[in-house]
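Letters A, B and C mark the chains as written, and numbering starts fresh at 1 in each.
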Amino acid sequence: MPLSSRHLLGLAGVPKEDIQLILDTAVTFREVLERPIKKVPTLQGKTVVNLFFENSTRTRISFELAQKRLSADTVNFSTSTSSTKKGETFKDTVRNIEAMKIDMIVVRHQSAGVPQFLTQISNAHIINAGDGRHEHPTQALLDMYSIKERLGKLAGLKVCIVGDVAHSRVALSNIFGLKAMGADVSVCGPPTLIPKGIESIGVKVIHDIDKAIAEHDVLNVLRIQLERKAGSSIPTTREYHNYFGITADRIEKNNKDVVILHPGPINRGVEISSEVADGPYQVILDQVTNGVAIRMAVLYLLGTMNN
Amino acid sequence: MPLSSRHLLGLAGVPKEDIQLILDTAVTFREVLERPIKKVPTLQGKTVVNLFFENSTRTRISFELAQKRLSADTVNFSTSTSSTKKGETFKDTVRNIEAMKIDMIVVRHQSAGVPQFLTQISNAHIINAGDGRHEHPTQALLDMYSIKERLGKLAGLKVCIVGDVAHSRVALSNIFGLKAMGADVSVCGPPTLIPKGIESIGVKVIHDIDKAIAEHDVLNVLRIQLERKAGSSIPTTREYHNYFGITADRIEKNNKDVVILHPGPINRGVEISSEVADGPYQVILDQVTNGVAIRMAVLYLLGTMNN
Amino acid sequence: MPLSSRHLLGLAGVPKEDIQLILDTAVTFREVLERPIKKVPTLQGKTVVNLFFENSTRTRISFELAQKRLSADTVNFSTSTSSTKKGETFKDTVRNIEAMKIDMIVVRHQSAGVPQFLTQISNAHIINAGDGRHEHPTQALLDMYSIKERLGKLAGLKVCIVGDVAHSRVALSNIFGLKAMGADVSVCGPPTLIPKGIESIGVKVIHDIDKAIAEHDVLNVLRIQLERKAGSSIPTTREYHNYFGITADRIEKNNKDVVILHPGPINRGVEISSEVADGPYQVILDQVTNGVAIRMAVLYLLGTMNN
């Protein structure tokens, strides 16, 4: 049974069966990553273009490794070397790249909706690697994989997304994906970082971090994006840490069974203490490993479709 | 029958038989590009260095894809990360790279003659990917391939190169190649963009775009390189468009059988209207696809020579 | 017999047997580089990350070619695109990359000790590609390979390292390696460029270049790193050339059997004259070719260890 869509643009509206298929397929690739020879010939002769209009070390390398381990050919394209400097329209740039007979495009862009737009101008399979504040579906999929790996299930779990929900594409993809899989989702943070009316998509809002820890099986702790807008929405990083930082004290006081996720990069001492970031409650590096397996699964499922 | 030269530096002086061999070989690779697995093992174990001293998204990606689809190993070298910053001479940089046992070098450089110079200091096969205002032979080859694909022949055709001929390496390579193949070549543009005395290489000069459209089978419309010198040779882009822009009106009035080529990137509304750029007369994206096949053919023919 | 260490951090303390094993293994790979198909499947399915925090064209390309010719998968990571910009600690960046199931890391960093630090936070095999003024072991290994190739042995040879010894990681690695192999090592340069007390590691200090040429079998001529500190330790490059530059005159007057090495990039007319750099006494481009073979040997020996 193939995926119901030939693109992965986000998790909004994606049926449970598709998410389950990706998670199940990733289990196989997770095993490949433990072999001495971490490579399969599945996508040999297929070409994937990584179209990154925003810098991203870990996501770009994770996708690139996933592609190489599936034996695909990879071409990296970043803004800094692009013809967009020569006044070419974005649409023309993409159509030109696609005319070179590309099978898949992995795209990251600062504007929400760019991956969707690509599906209209290209025949390639499009994978969203993060678009503005909209979605980052492979991050949410690897988060769900890591939760399931630790707790054995997703349905019925209580998951709280903590921190800068307002500026986060990770939050939105997690909410859509987790709810599709039957989990209960809340968000926790200062009012300035929680979008007004988010309750309308079926999410509970909490402003007390101790309560969030106490009442949830999993906390997905978002990065305070100090280099972006978030910096101006909080008084100081110290005050943020005092009110919302995840510390060993808080975990031990409220809920020693909680599982801590963080999409990275971490601001140690801001949204999470070093003790927690390196401690027994977190699965942060498992998330990174699982991310390669998830991306291999998505590339495989899309790349082997009958068109 | 192999090529008569072990390099592709330009099309000036290249015999018709060589051009024919490249165009014929490209037909095979064009078919490979339609397969689900667009890859052949022909150049496995060969190393190609892409030595780009000027930015170029499409040409660099086109060459890189051609190399990967022939199973060659590819190393990218661009100025920004180069030892030339440490005061090393260009010659020493190239001789060092070549000492690592490189089979072929694809070079783009802002100075005319650099590819020729490389043949003196390196044993690798040299492919010119554009040198100053001199030549860009693979672009002219893919243009010829695209014309032949559309019209079935080159000999006897009337081709007009329109626009910034003075600053264009694409124009010069097209003139040499098309004339070798028996086509009739004209150029059309404002006097400031047509080199004085170009008639001496057997090219007719026209200053009236309607006449150019009416009297030719093919128009190869060059990019006004607004970021380079061309910007100062025309009054305004609007005025340029009014006098020399290729529009649907002009085509329909003068010659509905004309075929429009453009090497990209396009300045929509300057040298070509959007209606034409996306319309039935043009083969612009076919040129891009054919470019990969042409580059595969050139890499294959040079890379499999007995030295 | 495997190497005694699972990393190559430097040549200090490395036993003679290990150096001999690397040099012997490189002979095989040097032969592979003369074949039409310069590629072996040895490291297929292994992943190597090139973690370059300092620019280095030749070392990066040399390692990348070595990796590709061993059929390893290669991912390049450079500071300019890194999450270190987002405030992530160096340790977190490395642990994240390693969590993607990397087999080997080749690291260049401006700070001495970084490769050693990596061994504490990563399970990958670490290869030092240059750390601060500390070591650059593969450079010293290729220097030794090139000396042995020319003179048939290392034991008993008299080798002098000339120039900016104080700021050089190449000097230090050469001293450790050559002494382990039984060579006699001196250094020669102006007092400002020779570290105080270097005699304590068993090295003779000479300040007269004619004497250095006369009394040694090999001169390893270091680069005056004009872009770094060295610039301020010498009065002018002309004066440096007059007192310490290696010229054909000096060689012919003192010792026509001397062999000249230089790690590149060369400052022609500063530490070495063009006549010598291109002449019969030097093995500079052989060093570059041998560098690929040495790096293949090191990658192979570490990459095929039982962990």
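Operating definition for what follows: a residue touches a chain if its C-beta (ideal position, glycine included) is under 8 Å from a C-beta of that chain, and two chains touch if they have at least 3 such contacts.
Keep in mind that what you see is a predicted model, and the values were worked out from it rather than measured.
J.: Chains as vertices, touching pairs as edges: which of line, ring, star, complete or other describes this one?
T.: Topology of the interface graph: complete, with all chain pairs in contact.
J.: Mind checking chain A against chain B and telling me if their interface is mostly the same residue numbers on each side, over half, or mostly different?
T.: The interface of chain A with chain B is built from mostly unshared positions.
J.: Counting only Cα atoms for the centres, state how far chain A is from chain B in Å.
T.: Measuring from centre to centre gives 41 Å for this pair.
J.: Can you list the chain B residues in contact with two or more other chains?
T.: none
J.: Okay, in this complex, where on chain A does chain B touch?
T.: 44-47, 49, 73, 75, 77, 81-83, 85-89, 92-93, 95-97, 99-101
J.: List the residues on chain B that touch chain A in their complex, please.
T.: 33-39, 55-58, 60-62, 64-65, 68-69, 78, 225-227, 264-268, 285-286, 288-289, 291-292
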